[in-house]
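Labels run A, B and C following the written order; every chain starts at residue 1.
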């Protein structure tokens, strides 16, 4: 596929500086881009590379004139890059049908134009939507449904009764609907609380490799529309994650916690159970959330503080030994002064 | 199934306030419970909801009279809830036999009334106990044994020579018996130490999705009776976890560490290698255990402190910038006083 | 297999004290070793056990005479142990051929003497090297290659276009080449950045169970020769890990970070995106790396400090409440002194 630069400008809502008729047939990183390709500069500090790249055009955030290259100027170069890369990389879906080595319950209902690879298992009464792709080793337990155009990569396990929305992407090794971790002690013995609830994954969710989403004890664990979850994340029973939230790798969210919409939890964050996190909250990497977090703020640390307070305290932390030494010296000096004053007092 | 409230009271050792003949056919959360269902109130703060629920009876911790609803009063409402939910949710096991698409070594020995789904692999000389269920994609390596009534969910991998006890539940993606992580540097090159030991999982253990339990270098990695492990936990070679311990999601336990019985490690805890943790210890979320922990205590922090000390120090942490400022001011005031005294001294 | 002690000494470059003709047929831990076996003492504190073991010989780090046992004296007992254990445990590779229940694209090219178990999937145009072993449930996506003598354990998923080197070991549940986690916000909506790059795993790499290595956005994610990665590790898009580095369990490495050669990241370390870590760096467990780390040093903490500074500050941390109390007392004493001086001043 080839597109003229002015066509790309129209696609992403940008303006062209230089030759807007130049033909583009692909996207590449600035160091390796070749003639015919477009590249991008997200940060002004890389602007000097403009003169070095072999790319035929460059996406930038501001008009820079004169420029050695045709420029595509946009508000958000990274967003324009994503859209243009999508344009050039998206292949039309081609259904491959149902491999005879898949195992499909006779009571399952299958949509149109689906792709089911070998060694897939589909349980009783499942519903598989149109244009769904199930890769080898995918297990879909009974009474589950998979919405239109969703893709389940190899070795994904869907426990019974799960609802997966449309255009959902589940990467390899994702486990949806395993029992929540619930026990009550009777003496020292752990008595299992049956996990009778479900998991519901709404439309346009993407979940990374080997992430686990547990079923609710009663009721539902819910991943709302547009949520993106990275690899190796743990989502416990009865958690709700609000729309468009971003959950980075290795985050753990404990039972019954409610996360607002448009929240970002950075890598390795831990959130305790029964917490509420407000909309638009950002939590820094490795933070430990032990209490509710108000909306529209950033937090960091374990336990979490408002991000600015965390940064200030963290900066002082390495000075602790020196501060302790100072304290000891001050006490000596104080004692000396007090003795001086006291002896003066006596003298009087 | 229907049970009269007095029958449930007998089951859980509780007393009834109100109509003990009311018929119960299910369990639900307090907000959604309908007539015919029982619900529970674990915390006194939810008692006001007693008047709002449609449930036909409520499990509570104390006798509250008069009550708008029949009450089932018990010492531990959560435990009673678990037992009653188990009663209503447990379906009798129905063996489904061996699917012809499973691959089973002719030298494997299989028990009675088993359920083996398609795409299961069972290696040479394995022993599969009575009423075991192996879901699609389960791999059981040669010379392994799976005890009676155990359930291995889809895509569980059991490496050769593993012993799994009775009534064990392994959720999807669990890996048991992969090589421990052992290398010796020869110069910069990493020389692999062959991992020749095994893993033994005793009776009544449950292990969460995508958790990994490594085989020992020599000897055994042992998960003792009744241990419950959550999702995405790492248990390294030669670790021993004592009876009835609870290991929450994303915990990592390094090589040769011994964990006592009835221990709780909260989410994302890390434990260094060659550590001993005593019986009945509780370790708070995200803690880092770098030395032995004495029995019967709570610990938190990274590195861990006794829990109370941790809380105290943590409370002061955000005040560090203010403390530093105070220190600097104090030094100024001290200097001023010292100069005053010194000049007075000179004056004299 | 039996070897005389002098033969083992020649293998590992050591010297024998005592009978160098004694025959050894295996290796065991010091407590359980029997006659005919060799054991080892890595730390001098275990030397008293020399007199108690039933082993026929002991690997030690220094010559100890007289000794009740034949000794094999070497510079690095642990390395000698690894080599001798390898000698006794290594079984010659026996190809098992291609199981008829594997699904192999007609356009895939297969090497000599391979072992392909049931329920393996190999996509179009893949190349599988000589003596490769693919266990049940392994998926190799189209256009991937697996080098000679590599072993992929059950349920490993290799996404399309991945390059795996020679003698690579991938443990169960490893996912290589899933999409990197890349989105751009358009308003609150997350726009996916297509992940068009690849993953390249060089020779002699070992990757632990359920670890995930994401494909690059553009270009390559690269795991260099001899790298050893433990279980449940997350390696994001465009990361490069240098030769012979050791990445311990549950580490997370964010996008585009470059890690030098011979680096060690201990368990649960988190590394932010676009970081550079120099050669020979060691990072302590649970550390959070938020900025570049210079070569040849140790670091700990979150955020990381040079290891010694971290230890010093950490030692003071539990004393924070006491320091705060002291500060308050000092302020009172200061105030009193200032008042005294001020009143004296007035008196004058």
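Following the convention adopted for this analysis, a contact is a pair of C-beta atoms (placed from the backbone, for glycine too) under 8 Å apart; a residue touches a chain by one contact, two chains touch by 3 or more.
Note that the structure is predicted; figures quoted are calculated from it, not measured.
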item	value
Rotation in the CA alignment of subunit B with subunit C, degrees, nearest 5	120
Copy pair subunit A, subunit C: interface residue numbering same or different (half cut)	different
Euclidean distance of C-alpha centroids - subunit A vs subunit C, Å	25
Subunit C residues counted as touching two or more neighbouring chains	101, 119, 137, 155, 173, 210, 232, 250, 268, 286, 317, 319-320, 323, 327, 330, 334, 337, 341
Residues of subunit B defined as touching subunit A within the complex	27-29, 32, 76, 78-79, 81-83, 85-86, 89-90, 99, 101, 117-119, 135-137, 153-155, 169, 171-173, 206, 208-210, 226, 228, 230-232, 243-244, 246, 248-250, 261-262, 267-268, 285-286, 314, 317-321, 323-324, 327, 330-331, 334, 337-338, 341
Sites on subunit C touched by subunit A in the complex	101, 103, 119, 121, 137, 139, 155, 157, 159, 173, 175, 178-179, 181-186, 188-194, 196, 210, 212, 214, 218-219, 232, 234, 236, 250, 252, 254, 268, 270, 272, 286, 288, 290, 302-303, 305, 309-310, 312-313, 315-317, 319-320, 323, 326-327, 330, 333-334, 337, 340-341
